[in-house]
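See the structures that follow.
Presented sequentially are two complexes of chain A, the first with chain B as partner and the second with chain C.
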Partner chain A sequence: MSHAVEIRDLHYRAGKTFEIRDLAVNVPTGSMYGFLGPNGSGKTTTIRLMLGLLRPIKGTITVLGGAVPRESPRILARTGYVPEQPHLYTSLTISEALAFHAAFYPTWDWKWANELLGQFQLRRDQGLARLSKGEMGKLEMLLALAQRPELLVLDEPTDGLDPVVRRDVLTALLDYVSQHNATVFISSHLIHELERICDWVGVMDRGRLVTELPMHSFKSGIKRLRVEHAPALPGDTPFVLLAREGGNGSLETWTVRGWQAPMRQYFEGVGASLREIVDLDLEEGFVELLRTFREPTIGA
Partner chain B sequence: MFRQLLYTQWKWSRLVLLIICLASFALPLLSVQGVRPDDLGRFDIEQMLAGIQTWGLLYPILAAAAALILAMTTWGPDHRGKHIYALSLPIPRWHYALLRFGAGCVLLAAPVVAVWLGALVASAATRLPAGLEAYPTILAMRFALAALVAYAAFFAISAGTNRTAGIVLGVIGGLVVVQMILLVADTNINLVGPFMLQLFVWPGPLEIFTGRWMLIDV
Partner chain C sequence: MFEHIDPRSPTPLYAQIAARLKLAVASGELRPGETLPSVRQLAARLRVNPATVVQAYRDLEGEGFVEMKQGAGTFVREVASDRRAVERGKQAVRLVRQMMQEAGQIGVTTHELTEAIRQELGAKVA
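Take a look at the complex of A and B:
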């Protein structure tokens, strides 16, 4: 499998309190990669490192086959970027912002940019300073898409947008990806949004990658189990025990990852009985994952 | 690419640039207001030249002000956006800075042309006493060079972070304060003097700002 983005052993420090340590990320070419994490976990910093906007202390970053930051201009010419905060020059009109942006990208598609303008209901003569948050979000997406990128790096692109605008933006994104087989790296803390569109997911917390796996594995493997007469020491479990909580009487609740039906036999082997299996939705699984990452002894 | 950068810079600075251009055009005209060639004796001519010289002090100040304002407006919007947009554009950082610098230089041409036109009009409208000459083009060229030197310095300072600018200004301010304390303490130590000599005496980079800025001279 080839990777549009490969990060190895990345280390970066900002101030005394925040650092990214031993980060390794692999984004398969052509995938929609959801980059999940709570606020302040290091998603935006990782994206900025990935694009060469920040310089790491150590580690290697390869994007679209080129080394960052040495080949950043070449990489950025093939990458559409929507940052977390609007970054455009607010003194310009939409028309001027398009002309400015287009001048830097040889693959810029004016025809499509004009179509997107109509689709997003943006007026050319609107000043950027007067755009609403939703309109600015649509313009940022338009600029990223109309340069016909091979890789789209979207940093919380729909954060704070109303559902209608969010749908417009995501529809345009999915249309583009389906037509051009581009790779999308999208960071968000809106888990359900990523659940719908992503086929890979990476979870980050406190500057470290918690897990990276296909979305279907992430979604299907996390369960909540009701266990009766659970052993004090679970021993070698065939699944990953994320958390265990005592309930009423002898009944305990276990949160596990990597669950498969034949693993029921484990409980018979340790003298326990499995009373119920509850599917967790992605958000619950995500919360449990972070909880065990932050308190790794909880399941022991 | 350059055209777009030039356009943005023009848009950010056009109002203030207009004011600077008006001032640049008016300054040569104002400097020759007192010139009346009839019945001028040698003493009157010397007085007249002294008056022009006094007005001439404003040329380097105007050049520095124009440069400072253009440098600030050049980087202001990028600073506000924490340079994210500029850094995410697919060109090397040095290239982007060079384009911004070039665009600022082009805009700086407007006050230079305004000084030149003002000086040409002032020269044409003034009957000069015998023995005196007008130097509108040389004055404009000198103004251009001073503005360019100041722009380069202010551009470099503005390109950095607020912290960098603060350090530069802090060092300058600290030197001045220390020198004042030394003066009050009646010591013979001169800290600022050697720096000033290095900067303002040929071949110092700021030498262009010194001397006589005369539209009309012998």
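Take a look at the complex of A and C:
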């Protein structure tokens, strides 16, 4: 499988308290990769490193087959970026911002830019200083899309936008991906949004990558189990036991990772019985994963 | 048609979309020769990854429910009535399983459940 982004053994430090350690990330070409993590976990820093905006202490970063930062100009010409904070000159009008942006990108598509202006209900003569948050969000996405990038790097692109604007922005993004085999790397807190559109997930916490796997594996592998007569020592489990909590009487709740249906045999082997298997959605799975990543107690 | 597509469900989205379309073919809601929405349209409408829609359509094609014609679109095929009945039967089993699972979680017994079904069916006929 070829990768649009490959990060190996990356180290970075900012000040005394924050560092990124041993980071490895692989974003398959053509995937929609959801980058999850709590505030301050290093998502934006990773994105800035990826685009050559920050320099690592060590490690290698390859984007669209080119080494960052050596081949950055060639890479950035093919990459659309929506930063967390708007980065446009507020003294410009929308028209001027478009012309300014277009000059940097040989693949810029004026026809489509004009279509998107209509779709997003943006007016050319509007001054950027007066745009609402929603209008600014739409303009940022428009600029990233109209350059017809092979890779889109979106840092919280819908954060703080109302549901109508979020839908417009996502629809335009999906429309683009339907027609071009672009790779999308998207960081967001809005987990349910990622759950719909992403086929890969990477989870960061405290400057480290907790896990990286296809969305369906992530979702189908994390379960909550209700176990009766659970053994005091679980021994060799075929799954990863993330957490266990006592309940009423002989019933315990286990949270596990890497679950597959045949593993229920394990419980018979240890004299316990599996009463129920509860599916977790992406958000619950994410929360459980982080909780146990921070406080590794058992089974790890 | 796709109101019940649930991204939070553990059933993959492509499987949910394919199942919903199969049911539409089985029930006659979709007729032979009808066109399915384009991948682009359906992805935008459901706000899902286009690859998810492609996978759903490929699965349907593999099972003989639709035909993908390059450049022209995806068309519903003629599906024999006994095959459509089989699909509806599968759907019925799915509904019952779901009901039994929920009943189990809240402590409703099998007897209570069958009684309730009998009563409700009777009420509907009357």
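Rule of thumb we're sticking to: the second predicted complex is superposed on the first by the 297 of 300 C-alpha atoms of A that agree within 3 Å, B and C clash if a C-alpha of one lies under 4 Å from a C-alpha of the other, contacts with A are read in each partner's own complex, and residues count from 1 in each chain.
The working rule: a contact is a pair of C-beta atoms (placed from the backbone, for glycine too) under 8 Å apart; a residue touches a chain by one contact, two chains touch by 3 or more.
Everything numeric in this text was worked out from a predicted model, so none of it was measured.
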- Message: A:T253 in the overlay: touching chain B, chain C, both, or neither? Say first, second, both or neither.
- Response: neither
- First (chain B), second (chain C), both or neither: which does A:M32 touch? second
- Message: Contacts for A:S91 in the overlay, against chain B (first) and chain C (second): which applies, first, second, both or neither?
- Response: first
- Message: Tell me the contact category for A:S273 with respect to chain B and chain C: first, second, both or neither.
- Response: neither
- Query: Touch check for A:D281: first (chain B), second (chain C), both, or neither?
  - Reply: second
- Looking at the overlay, does A:Q126 come into contact with chain B only (first), chain C only (second), both, or neither? neither
- In their complex, what parts of chain A are in touch with chain C? 30, 32, 167, 170-171, 174-175, 177-179, 192, 195-199, 216, 219-220, 276, 279, 281-282
- Name, in rising order, each residue of chain C that touches chain A in their complex. 7-10, 12-13, 39-40, 43-44, 46-52, 105
- Message: Using the touch definition from the top, list the residues of chain B that touch chain A in their complex.
- Response: 1, 3-4, 7-8, 11-12, 77, 81-82, 84-85, 87-92
- Once bound in the complex, which stretches of chain A touch chain B? 51-53, 72-77, 81, 83, 85, 87-92, 96, 99-100, 103-105
